[in-house]
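Shared chain: chain A. Partners: chain B in the first complex, chain C in the second.
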Partner chain A sequence: MKALRFAFKALWSRKVSSLFIGLIWAMGLLGLATTQRLERGMEAQLVRTLEGSDIMLCAKGSPTQAILANIFHVDQATGNIPTDEAEKWLSHPDILHVRRLAYGDSYRGSRILGCDSATWLHIPAFELEGRWPEMAMEVVVGSHVAEKHGVEIGDEFHGSHGTVEDMGDHAEHHYHVVGIVQSPELHWNELVLTPLESVWAVHEEEARNYTAVLARIDQAMTRLMLPGQIQRNSPLMAVSPAMEANRMVGWMNQGGQVIEAMAWLLTAIAFLSMALLLHSHLRERLPEYALLRAMGGTWGQIAALVLGQNFVLALLAVSLTYLGLAMAFWSQGAWLPPGLLLLASDWWNLQFDLFWWALTLFLALFAGIGPWVWLQKIPLHRALVDH
Partner chain B sequence: MSVVLRSSPLRIHLNRNTCLDFPALEVHAGEMLLIQGASGAGKSTWMHALAGMIPLSSGEVEIPGHGILRAGQSVPKAWRRHAVSVLPQRAFFWNSLSLEENLSLAAWAKGVDEAKVDLDRLGLAKQAGQSAHSLSMGEQQRVSALRSFISESPLLLADEPTASLDDANAQVMLELLRDQQLKHPCAIVLASHDQRVLPFVDRMVQLS
Partner chain C sequence: MAETSVISLRNIKRDFQLGAQTVHVLKGIDLDIQKGEYVALMGPSGSGKSTLMNLLGCLDTPTSGSYTLAGRDVSQMDDNDLAAVRNKEIGFVFQTFNLIPRQTAVQNVALPLVYAGRSKEDRVQRAEEVLGQVGLEDRMDHRPNQLSGGQRQRVAIARALVNHPSMILADEPTGNLDSTTSVEIMKLFDAIHASGNTLVVVTHEEEIAQHAHRIIRLRDGQIESDTKNR
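What follows is the complex of A and B.
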């Protein structure tokens, strides 16, 4: 402990350069730790979100857009599909647990999702205050929407057409709040849920349409064959959410690889700077180190002093990294869509950090070994006499 | 008095072209010996050789109870830690540490209890938390001497301890060394060409 105290004091005397190296190092580690967490967390999040959705029927368009709109509820839908065309395919014996969706309106920027009871009962680990809707124009509001706009059970409001407020109001149709729902899968807390009939009632001039239908497919072979069959024989688009999600993860991983490469570069710069800083410190304080040896200090003690300085730098870098990770986690709502928000249990799963803890420790020791060996080769009497 | 240092004639090669020879030497406990000689005569080299900081080309040095330093062999374990203390010509202090911490660092290197470090002895207890560089040259040299007393080694090698001091500070420094010898009967070997040390030494070796 004494060696660490002396090492800390030695670093403190050149605190600006030490802090600079610690920051660069922390930025490198933060890049590595964050991409690792995003890859792992998003995959886990995707698996959770896609649970029970082996097929999605929707209007033809971009499959990725359809997934983002109809599963994560963060993009515009590709269009609407006639209910009778969709129902024709939903009668297939291997299709189970069907969830029908119809978009249309929004309430102060939050999407109003017309859906059937199978959809809201599919919400993972929900906590419901009040009750589920029993008739058209009744809504259950996601907890974050309720909190943001001060919505309570018994309130009434009307929606705006589309997903932005300036596209016109449906002031003549009032939604009646009968419940508030909260789920650990945060994107559900951003929605307003209402029966399909509400959406159809508000848009009374239009024919009855779904925006999308999600369902589970019982047989693996059907899971493989049915989407193609629907694509060929109907105007609908049939998407396998798992396959599309894999493609999305692939894109994200490519972005992650770029960030990771930059993180490695920063780590390498920090490593070199640390070695150079230590070496210049030893050159500057050579007589003091020589005197320490002359007084009987062992090479082990000198190593503890020299490597201890890098160890303190490593502690600084790790502390700053965790500070950055905490800030990234708290602010994730600002840079991740609600459907991809990561859970604390995924973000703070520290067992995966062991790799870069070990890397940090190794780099700290490795950067110190060169200067320490150099110090051993300096003749003691010359160091004391020549300075 | 008992023998603290026994050295045969020593030969040291500083480089391929420079070779220095030193005479046999015996120093006793409680004795203060002066090695005198002009600048460049090799006084510091001899001191450093006795401290095991320069390899011997021939000869051997014995400090009874602490082993024998032989040419071609490694320095006996704990030679510099317990057998010898070095008081360098310049008081090298870590500017990142306070006075007290500098002494604590020396105690740590020597492997001794910090309680033995007593700045009160120099009247500098109030400056304990300050940087050593805030002290005068004379005070720095005295703290450096105090640092060399930490392990109470049987042999203290002082290299030009008064070289950069005025008369008053040189006097205080030499009295401090004499006091230490009264407190702990070690042998002190001074390398100096300063005539002011003469009244304090028991014996002198002239290096040509």
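What follows is the complex of A and C.
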């Protein structure tokens, strides 16, 4: 305790250098901890989100865009596909658990997603207040949308055309709110769900279309072959979301590796600076440490004073790191693509942190070894000479 | 006679390695100092006074020979045992005072008691008591840079006394002080001796040495003379 106070005071007398080291170190640790969290969190999330989506039928266009639009519900869809063209393929015996989607209007910026019951029952770990829609024009509102606009069960509203607000109201068509749904998979909370028939009723002049169809395929061979077959023999685009997502994760991991390399560099700089700071501190206060020895201080007691400083620095770095992690978590909406928001349980998992905790303590100890050996080598009667 | 010796040196040698060369600084010192003695150590510059004081203070270990301090052979002890011996048996007064600049007089004086494992209350009480003895009762909470040279040395002397050591070692204690202040400090040493302490003082000034009851003169690493004074 006394050693920690001493260490704190010693560092306080070099506030700027100490804070600099603490910050550099924390930035390194933050880089390591964040990439680690993103990799684990996003992988876990992709696995959860792509569960049961082995094939996606949609209009031709960018596969990445199609995935973002139809699975994460963040980008514009690639277009529409005629229902009869899609249904031709959905009768394939290996195709299971089909979810049909049709984007309709929007309600104050939130998407109204026309879909079948298989889609809403597919929402992971949902909590439903009220009930699911039983007929056209009934809607279940995502919890965040409900919260944002004060929507309650029993309310009525009308949508606007497209996802941009001022493209014309469908004032004559009223949606009835029959439920509010909440899922730990946050993108579901941003949607308004309604049966496909609602979308088609509102847009009666148009032919019946799907925006996309998602399905599971249990047969590995079919999973591999069917998308190509559909691509060749129909105007539809057929992609495997799992494979496309792997490509996206690989791309993110590359970015992660760059950040990680920089994080290691920062950690190394912090380590060297800490060793140098301690060394110059010992050099400056050599007569004092010698005096403590002369007055009866043991090497163990002196070591506590000396290494205590590195541990206080380590503590500072770790605290700053958690501060940074907290800020990164709370602001993730600003820097992560909306579909990829991380769950608190993926972010705050102290078990993952043990690695860099251990690393930090080790570095604190290790950076003290050089200066410590230097201090021990100086004969006491010479070190006592005060200038 | 030997039972009452605080210090007993037998054929103490101390060599230093200077590159390839071995410098024989102490060439076989035999010396006994009794409890309650007041000894001045004199000699020309380079004769080995400080080297001998460092050995006496267990700040350094002899190349050969035996050293018995307060009944214990300290010539073969390890670092931490020596630290304990220094804490218990020896009070140091340095030419350069060696006070910790960020600490008050009381804290500086109490330092040896920290390593003696005394409680905080005990330490402060005892430190204040000794600061009173050296005439600094109104400077307890001053830091070294708020004190004059003579006052700093008084703090250092109080620190040397605080743990009731078997002996007090002072290497040129007045070396950084003007002559008036030196006289005051030597009066303080006289008083400390009068109250029963054992003192060894290194000096190259005759007047200072005249305060002692025994004067040992070193020359070239050997005892040249050892005489009673008054």
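Assume the second predicted complex is superposed on the first by the 381 of 387 C-alpha atoms of A that agree within 3 Å, B and C clash if a C-alpha of one lies under 4 Å from a C-alpha of the other, contacts with A are read in each partner's own complex, and residues count from 1 in each chain.
Everything that follows uses one rule, which is that contacts are C-beta pairs under 8 Å (C-beta built on N, C-alpha and C of every residue); 3 or more make two chains touch, one makes a residue touch a chain.
Remember, predicted model here, so these are calculated numbers, not experimental data.
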Fit or clash between chain C and chain B when superposed on chain A: clash
First, second, both or neither for A:Gly61, with chain B first and chain C second: neither
Which of chain B and chain C A:Pro287 touches, first, second, both or neither: both
Which of chain B and chain C A:Trp299 touches, first, second, both or neither: second
Touching partner for A:Gly52 - first (chain B), second (chain C), both, neither: neither
First, second, both or neither for A:Phe6, with chain B first and chain C second: first
Doubly contacted chain A residues - partners chain C and chain B: 9, 287-288, 291-298, 301, 379-381, 384-385, 387
Footprint of chain B on chain A - complex, ascending: 2-3, 6, 9-10, 12-13, 285, 287-288, 290-298, 301, 379-381, 384-385, 387
Complex interface listing, chain A residues touching chain C: 9, 287-288, 291-301, 379-381, 384-387
Residues of chain B that touch chain A when the two form their complex: 44-45, 48, 51, 53-54, 78-82, 85-86, 88-90, 92-97, 101, 104-106, 108-111, 147, 151
Of chain C, residues touching chain A in the complex: 50, 54, 57, 59-60, 79-80, 83-84, 86-88, 92, 94, 96-98, 100, 102, 111-112, 114-116, 159
